[in-house]
Amino acid sequence: MIVEMRRGATEEQINAVVERAHTYGFETQLNIGTDKVVVAILGSDTGRVPTEVFEVLPGVQSVTRIMRPYKLASREFKDEVSLVRIGDVIVGGPQIVVIAGPCAIESREQLLSTARHVTRVGARMVRGGAFKPRTSPFSFQGLRGEGLHLLDEVRREVGAPVVSEIIDPHLLDVMVDHVDVLQVGARNMQNFTLLRAVGRSGKPCLLKRGLASTVTEWLQAADYVLASGSAQVILCERGIRTFETSTRFTLDISSIAVVKRDSHLPVIVDPSHAAGHYQLVPTLARAAVAAGADGLLIEVHPDPTNAMSDGLQSLTFSDFERLMGELRLIAQAVGRSL
Amino acid sequence: MIVEMRRGATEEQINAVVERAHTYGFETQLNIGTDKVVVAILGSDTGRVPTEVFEVLPGVQSVTRIMRPYKLASREFKDEVSLVRIGDVIVGGPQIVVIAGPCAIESREQLLSTARHVTRVGARMVRGGAFKPRTSPFSFQGLRGEGLHLLDEVRREVGAPVVSEIIDPHLLDVMVDHVDVLQVGARNMQNFTLLRAVGRSGKPCLLKRGLASTVTEWLQAADYVLASGSAQVILCERGIRTFETSTRFTLDISSIAVVKRDSHLPVIVDPSHAAGHYQLVPTLARAAVAAGADGLLIEVHPDPTNAMSDGLQSLTFSDFERLMGELRLIAQAVGRSL
Amino acid sequence: MIVEMRRGATEEQINAVVERAHTYGFETQLNIGTDKVVVAILGSDTGRVPTEVFEVLPGVQSVTRIMRPYKLASREFKDEVSLVRIGDVIVGGPQIVVIAGPCAIESREQLLSTARHVTRVGARMVRGGAFKPRTSPFSFQGLRGEGLHLLDEVRREVGAPVVSEIIDPHLLDVMVDHVDVLQVGARNMQNFTLLRAVGRSGKPCLLKRGLASTVTEWLQAADYVLASGSAQVILCERGIRTFETSTRFTLDISSIAVVKRDSHLPVIVDPSHAAGHYQLVPTLARAAVAAGADGLLIEVHPDPTNAMSDGLQSLTFSDFERLMGELRLIAQAVGRSL
Amino acid sequence: MIVEMRRGATEEQINAVVERAHTYGFETQLNIGTDKVVVAILGSDTGRVPTEVFEVLPGVQSVTRIMRPYKLASREFKDEVSLVRIGDVIVGGPQIVVIAGPCAIESREQLLSTARHVTRVGARMVRGGAFKPRTSPFSFQGLRGEGLHLLDEVRREVGAPVVSEIIDPHLLDVMVDHVDVLQVGARNMQNFTLLRAVGRSGKPCLLKRGLASTVTEWLQAADYVLASGSAQVILCERGIRTFETSTRFTLDISSIAVVKRDSHLPVIVDPSHAAGHYQLVPTLARAAVAAGADGLLIEVHPDPTNAMSDGLQSLTFSDFERLMGELRLIAQAVGRSL
């Protein structure tokens, strides 16, 4: 950390900075410039300390972080890529893992027909929401427990692992036996109670990026899960909130490259929530594969015009099949399989 | 709702829109223009239905909402201003209610000395966090149960109602007897499980705006609380996330006027989290009072340089006292008291 | 346009809306709902009229646009894709057109060596800035007239068309004989004097998206150029400003699909300015090709560590050559060539 | 500037950083930490050098600026507040200067009646646009030269200085004799050719903040004007672009405090463009005065419902008069006059 003192800061003020650094076990080095004094705070874990510990001291003008504020998710902590294994599916390896299925589980027939179709054309895992977080209290809130039992059928009959969202830490006991990957939604990315509970469960966690979260905050959220015991986190970019309104969110395609550079965790992309409209989903899916995403999370529905949730962003069976064919070619072009 | 059909939409496609409207009990009216057909969907509660119910139909180009997507929080539902009463404190009336105290409760001495000071110079309620949501898992997480008992002392000794944040619906039983107003933090504004639990408790709720939430989504979140039984919601603007980095968040001062126009709920401002720095807090507090805020939520600490959380944005006792004097003059200038 | 009246709007107020519509030559249709009256304003060019013409009238609650506010750039105005021809280069056709070269022209050797290299490995046009807009008045401002003469040498010796930025309408006479495509930079996207001048010149225009401009505003800016006589506009997405700071801007990859849906104009991507760092450029370039961009604008420099401008986002010769190889495979995977 | 080297950076790479610093005349100091080496670049004008001069060197991980990238506009360059004098009007002193008038000059009667009214109730200067930058090429573009002559009449008859926007550097000769303050609009804040021309004219400049510009970039733009010879710059906050759509822009009220802290230049607020709706203008104006703005720029029109531009955000004569009365009370409450 670099502490810049104001012009005219007193020796006493500079010493207070140095002493505070020592209480954290850090070393310091003074740079006495022509205009002002700069104190470098040195140590291997300065990233753990908030900058305001120093900013709040009298005579301090600004504090700049050199170490990143996350640790367990960082490349510096672990340099080789982490592979997340769910049964025989590996996320982070040469194969791009497509996870597909309906936004919300609506019925046995709806879920199973979708699961059969998407796995037949190449999806490796099935998604389906049993407990739904909805912006309005008057919207459909999910089949809940009944939905979980339908996910069991998918695992048995279709033989694919399933991903489902957890919206309350106290649902963990209910969900843990029915779900292979626990999804933490964008609106819960900083629900720290939930992150810790998921981490303690030991289940793989699919951690969506908050819609107003920086990549740094996303990796801090991953640290919560990792610090609670889990070693298995899959990051999922799903679009951020910007001033642009022609899409529901703005897919931050660059974040894939940033995550790959700064973290060892695998990262996938959800083109459905980013786009908000089925016509735009294939473009974003193609871009994600070309950009190096380790997988995709795509909403598919047997009859989107009658879906109870997010029908507008769901692909039909035939659209999904066509898209998988296109993605396969791009995957090969970037040296991967699908 | 206004459904615009594509050029060349077929009669069958138009009929499908009309029929779907009828299934919701809405009336329709066709506008057959030179270029395209527009279907107006009419009814008193079209705001409850997501636009995508129609957007997903073939031949539809766009759907525009006329009714707002929230109901209970709207001026149309209730025209007179709602007053929230906590003991003898009234939020939403002529008096501007200042709520002050430390970010996190750290000790008996810290909380009580602050409570005594802030109420002596005019604060009507005391804030203090017992359970702290923190961006990093390595930061101080609050005194928890012990903090709640210290809040009891504030109520007994200082005689002021207390506000504290709830971060998990399952803490409701633990908190409900120790806290007069349950605060829902910005990161939990769309934690719908939590909103419902707080609504069912019947306690007044201080609902912070999410850092990437529109005013409309904020009022939808208020609807969750109101629909769960509570009639007492205080909105709290605390800054939104933008590209500007010279402040921690960007205080959306306009939102006060927008909320006053569109909703009957009282709205207060948290200048501390918006600014992120104690030097900027007084400016934002003054602006909020002039803009018509019904109250302020201000962080005050006996010794900010040694605070365990958010020290940088906390005012000292003397700074707070000076600010209260300034605010009193502005309150009078806008026809209110403090 | 849809004009929603307030509840309780008077007949006189409704008539005023209808009369104003008639003064513009539009037809109207009234929807008298249970709660409120909605007036539909019908006509083939309502997009030309600002919504506030009606919003400002007493009794009006809101006005919603159905027609888009741009015309000449829209798919509705012209349905088939526009091809922009520069010599034998066609932008918008099956071949993805790569334009490469230095940010700023620094010397004869620098420009010509780069031009030779990039065209040898597949770039179809050469870029190079002679007049540079810089954020700080103390930065290098370009070789100016001398730079234009060096661009002539590129055309003669390398045989490739050249693209260069125009920053002042009064430079048109100076530039028009030396440049094949006039680039309008992001910061000038709404410099309407400049847009008109470029349109009148008849030269093809490469129109960068403003860093805080919506796709709609971008197409309105294209309308300025098109309305001034030019038929040749190439749009260029270069990233928008968001809260994320890990990249210089956030590439809005979705905008490619939105532009393709709503406009007939070709659209290319500038991964260099979006990323701001050479390490991230290849990822964004790959994503752009997969997303359907008609071309790329890439900064290449013989010695980026000594570049006078934007060295950090410039590729070396060997990096560019490697990237071209990768892009060729992706272009084939999406049915195009490079 | 602080240059952080990658872990494992070679001595040769570190030396290259040091040598480059020396070529700029800077001193350096090495901090050799446990993990990595940090090079501090010291000197009184490191703010002039872009960070990428170092970022581009091999082995460098990141570069952090300590000196701000603007100079002439900074408090460090000039500590006492700059007063801008236009005739007997002083901007930056104890009196809050209100500038009012129509968005666009439409006719002699419209401009003069407005000028007489606004000055009678306390405005010190009159605004009126002669050359209008409009988002659509099909909108009214201003009375141009005729408008300038009407501004002369305002100066003669009403005796108030006038402010008008310049949209093209080549209009300077035309405008300079008719206008007391040259306004640079938000969309031209980084039109550097224009900034330099205005600076050379010696006229006071009212510099609006770009809608996606940080405070730092705004002060860099001020540096362009100041470096070109002018000593008279008035900054004007007018709202930034964010995800919130209930107002046209989001007024960044905090920027007033940030500018006051970091710069010696006076700063005023334009509540009309920020709000986009006349109902919200008074709230923003009140907040601006309480926050310490040195003035206000407010749109007033004799008949907003028939205005040719921005009628929706214009106040009527009586609304403006009422607002001035309210603002006078708030000005007194913060120790100023109006």
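Letters A, B, C and D name the chains as they come in the text, with residue numbers starting at 1 for each one.
The rule we apply is simple: a contact is a pair of C-beta atoms (placed from the backbone, for glycine too) under 8 Å apart; a residue touches a chain by one contact, two chains touch by 3 or more.
On a predicted model such as this, the values are computed, not experimentally measured, just so you know.
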Pair exhibiting more inter-chain C-beta contacts, B-D or C-D: B-D
From subunit B, the most remote chain by mean C-alpha position: C
Gap in Å, rounded to a whole number, between the CA centres of subunit D and subunit A: 39
Subunit B-subunit D separation of Cα centroids, rounded to whole Å: 31
Where subunit C and subunit D are represented by their mean Cα positions, the distance between them in whole Å: 26
Overlap residues in subunit C, where contacts from two or more other chains coincide: 212, 241-243, 245
Residues on subunit B engaged by subunit C in the complex (per definition of touch): 2, 4, 7, 27, 29, 31, 33-35, 38, 40, 42-44, 62, 64, 66, 76, 241-243, 245
Complex contacts: residues of subunit B adjacent to subunit A: 48, 50, 52-53, 55-58, 69-71, 133-139, 167-170, 187-188, 190-193, 196, 210-212, 217, 220, 223-224, 227-228, 241, 277, 304-305, 307, 310-312
Of all residues in subunit B, those that touch subunit D in their complex: 212, 214-216, 240, 242-247, 250-258, 261-262, 274-275, 279-280, 283-284, 286-292, 326, 329-330, 332-334
